[in-house]
Amino acid sequence: MVMLSNGKASHQNDGLIIGRFQPFHRGHLEVIRSIASELDHIIICIGSAQQSHTVNNPFTAGERYQMISETLRDESIPYYLVPIEDLNRYNVWVAHVVSMVPPFGRVYSNNPLTRRLFSEAGYEVRSAPLFNRYMYSGTEVRRRMVSGDEWESLVPEPVVRVVKDIDGEDRLRDLAEEV
Amino acid sequence: MVMLSNGKASHQNDGLIIGRFQPFHRGHLEVIRSIASELDHIIICIGSAQQSHTVNNPFTAGERYQMISETLRDESIPYYLVPIEDLNRYNVWVAHVVSMVPPFGRVYSNNPLTRRLFSEAGYEVRSAPLFNRYMYSGTEVRRRMVSGDEWESLVPEPVVRVVKDIDGEDRLRDLAEEV
Amino acid sequence: MVMLSNGKASHQNDGLIIGRFQPFHRGHLEVIRSIASELDHIIICIGSAQQSHTVNNPFTAGERYQMISETLRDESIPYYLVPIEDLNRYNVWVAHVVSMVPPFGRVYSNNPLTRRLFSEAGYEVRSAPLFNRYMYSGTEVRRRMVSGDEWESLVPEPVVRVVKDIDGEDRLRDLAEEV
Amino acid sequence: MVMLSNGKASHQNDGLIIGRFQPFHRGHLEVIRSIASELDHIIICIGSAQQSHTVNNPFTAGERYQMISETLRDESIPYYLVPIEDLNRYNVWVAHVVSMVPPFGRVYSNNPLTRRLFSEAGYEVRSAPLFNRYMYSGTEVRRRMVSGDEWESLVPEPVVRVVKDIDGEDRLRDLAEEV
Amino acid sequence: MVMLSNGKASHQNDGLIIGRFQPFHRGHLEVIRSIASELDHIIICIGSAQQSHTVNNPFTAGERYQMISETLRDESIPYYLVPIEDLNRYNVWVAHVVSMVPPFGRVYSNNPLTRRLFSEAGYEVRSAPLFNRYMYSGTEVRRRMVSGDEWESLVPEPVVRVVKDIDGEDRLRDLAEEV
Amino acid sequence: MVMLSNGKASHQNDGLIIGRFQPFHRGHLEVIRSIASELDHIIICIGSAQQSHTVNNPFTAGERYQMISETLRDESIPYYLVPIEDLNRYNVWVAHVVSMVPPFGRVYSNNPLTRRLFSEAGYEVRSAPLFNRYMYSGTEVRRRMVSGDEWESLVPEPVVRVVKDIDGEDRLRDLAEEV
């Protein structure tokens, strides 16, 4: 935020990023570190906040909030963390997000729908840099949790603690069970 | 959060407070300062997050998020800030809040419904201390904004800046207009 | 239900009654006994099923289900008990109710909206007989619970048991508290 | 709509008006005639489309659609008629309306909320001219229907026909009945 | 509509057709022309009105409304155009549609669900005539838009103008992008 | 239900089972008979109550209610029958079910999601015994209905009567039609 000569704040350098963070992994952390360097503030939206307890969305918004805030505790990044529920009406999606977060001027996303919606609404949209996307991906972390493979190195250390504390591996394995 | 001997975290000293914060005023700030002294973390829930643009709920969740986070920037209070949408089904309300926030063990509220719901769900419920509740109240701040009286001294200074930045007084006055 | 010559069942003598039953009282019981005598089956709908924990709707649908089924256990009335959630779109209300209950041919109600909606949809609508409506009313029972007056004689004995078992008087008194 | 030099259409002279039209009356018709003279097209939104069968909103969106289209049949006004359901989230209301109607550049309204919302979204908002507002009002028409007074002169002749055809007076009287 | 001897209107010759019109194409136009010849009025419902910005439903209800009304401007077909939002409860779907549109007596559809629902509700259901259904299909038009093939000849000329005006091809191509 | 020494009722021997019952078949009946022997009361929840008229969920909640209650009429099983609508938020699902039914202490389910959700909420969860699960399955019954094969022997006799009475085979065949 910078003060304009008319006394209003400009939010050109406040940026927004949306993810489901199922769970928050090292790729997410690298993206946030990278774009934070270009920004005054970064607004991190936890998307599909109402979802949990499915194979693709195992963790609640509260659990994801905890993963992210404990990871960022020791980073010197000025951020806002906001869970956003789906409305399932894409034509009001941007207005919904805007109403839930502090002001911003730029959106970072690689998702075609998110990019298109914010772009039609007049926002500057930039790509989010990717870091080893095949390994650092929520799909891969969840796959390893289900199959019992080592997944801990793919996520920040505080995320390991949160997952253990809620018995997250057991939950995911139970949900993935064949009926 | 403290580590238990079984390796799990205990959240007995993590507390939750819910308000609509329309707008965030000095009474809210005093409550938060006061209960923060008894807690490891304080989870501040912005209730009725989907509401805005009415005489009783003029500000969006994002605007309220900004008011609170800018006010608390210089306080040394470890807090989580979470907007919570209404579900309008009180029998699932506690489960909804729990799913949206980091873990907590205690709730501070003077609202009979909130107190009863968390208490039936087994949470420890404490009263929130009140500070000059007739002056430091959202109703009084909004009344003054509509009538053009001095309201700025009732809210923390950053809230004044946010309200000015969004033309909040004009919005409230427009909404209060007789048809 | 009677078998028609075309092999289909007729449901002219199956009747439907809707109430909120907050709580189920002796007036309700008398109505049900009275109309049951004209019917093969009686479908009892627990309306506003999603509501609970307010001064006017203190009890959950499950608690109301229990009150009614325990009261009717010893009556020889063939009944179906069905909780119905509000949709808040009156033009689809009849279709919603119809989809949730076994077939029926007649509706008993004194509520103008219910009567009009079913009547526009082609159903036979009859008035429900009233029994001492000033005393046997949900409003009166709840008023007595809040003020600590004797209410037990206004409801069937199993309802007293259910209310005691869930600490219903305390709940209602807590909810009615002035803030 | 006019063609701009860049080949895109401009919709500066396409205007939008929102009403509940419970029922459509002569005041509505005069407003539409009056603003139509300033416009290429007029988009008429039937608000609260999902509501019906209450004392304040007795008619369905379809019935209101029929009232308006039959009245405007013989007017040489280029109009679009669009029922709009409430979302009950004012911060996405403008985006919702925009997604449901052809493009427009100007809004006519005397409702403070509607005016404020479209104005914050950057639309030009004008007042709708009022014609004998105490007599030509939905409230007055409904009051007369309930009490059995003459109401027919307050509405266009096709509206009388639609109301008679659906037994609208009976419906309103039934709904207004004391319980 | 014809007047019956009892003074009520009959709507046996008013017909309803529902489509998603993503986008409106020449096949749709031919169906409408064809059934209009059997009808007094034709009610055209824009289904799934709340959907937009997906690969299968790229256009908003407002954009589809504009496509259809501009195409039909020069046809002498008496029609009503009504966007209908999904309720995702099929047992109230017919009641929902009926509440949103002027009265009708007949439904034209080839969709098994639509046919079955209206038929169970007692409506006369007829098949809609198909015109070169492999070429004149929304799927084919969207496929061509994405792949850059010629699609303009498959839709009426005003639809081409609307799609160009909203950059519809770009939108669809963006949405179809691989992540 | 047994009375505890503190005067409260214990519901350790009241059990809950959830199914979609599309339709109710002999496998369901065997499960209910089997677990009823271990229980004081059995609460039978009709899940996805708002769904009907699709190939996988052809029957309304009311039709399923009728199938089950007519089948159980001659069994000496103390049961409660409760339709439950989906909320599509799994983190409040248990609270939703609990609010809709009489008290219970144990859940019988083979569905991984149901098992996990009730187990996280502290309920005792047991497996439901399976009886010839390849033949006695809703999928198989519906497959036979669509293809015209013999299905009547897979369901209790009263279910055959209900399906015939509502022309259920025709409905399912119509819905399964290729477009």
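The chains carry the letters A, B, C, D, E and F, assigned in the order they are written, with residues numbered from 1 in each.
Going forward, a contact is a pair of C-beta atoms (placed from the backbone, for glycine too) under 8 Å apart; a residue touches a chain by one contact, two chains touch by 3 or more.
From a predicted model like this one, the values you see are computed outputs, not experimental measurements.
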Original post:
Which other chains touch chain C while also touching chain D?
Top reply: B, E
Original post:
So which pair out of B-D, D-E or B-F basically repeats C-D, with more than half the contacts the same?
Top reply: B-D
Subject >> Whole-Å separation of chain centres (CA-atom averages), chain B against chain C >> reply: 38
**OP:** For chain A and chain D, let me know how many angstrom lie between their CA-based centres, rounded off.
**Re:** 42
Original post:
How many angstrom lie between the CA centroids of chain A and chain B, rounded to a whole number?
Top reply: 24
Subject >> chain D residues counted as touching two or more neighbouring chains >> reply: 50, 52, 60, 89, 91, 98-99
**OP:** Give every touching pair of chains, nothing left out.
**Re:** A-B, A-D, A-E, A-F, B-C, B-D, B-F, C-D, C-E, C-F, D-E, E-F
Original post:
Which residues of chain A touch chain D in their complex?
Top reply: 87, 89, 91-92, 94-96, 98-99
Subject >> Contact set on chain B toward chain C in their complex >> reply: 88-91, 110-113, 115-117, 120
Original post:
Once bound in the complex, which stretches of chain C touch chain F?
Top reply: 7-9, 49-50, 52, 60-63, 65-66, 69, 80-83, 85, 98-103, 161, 164-165
Original post:
How about chain B: which of its residues touch chain D in the complex?
Top reply: 50-54, 60, 171, 174-177, 179
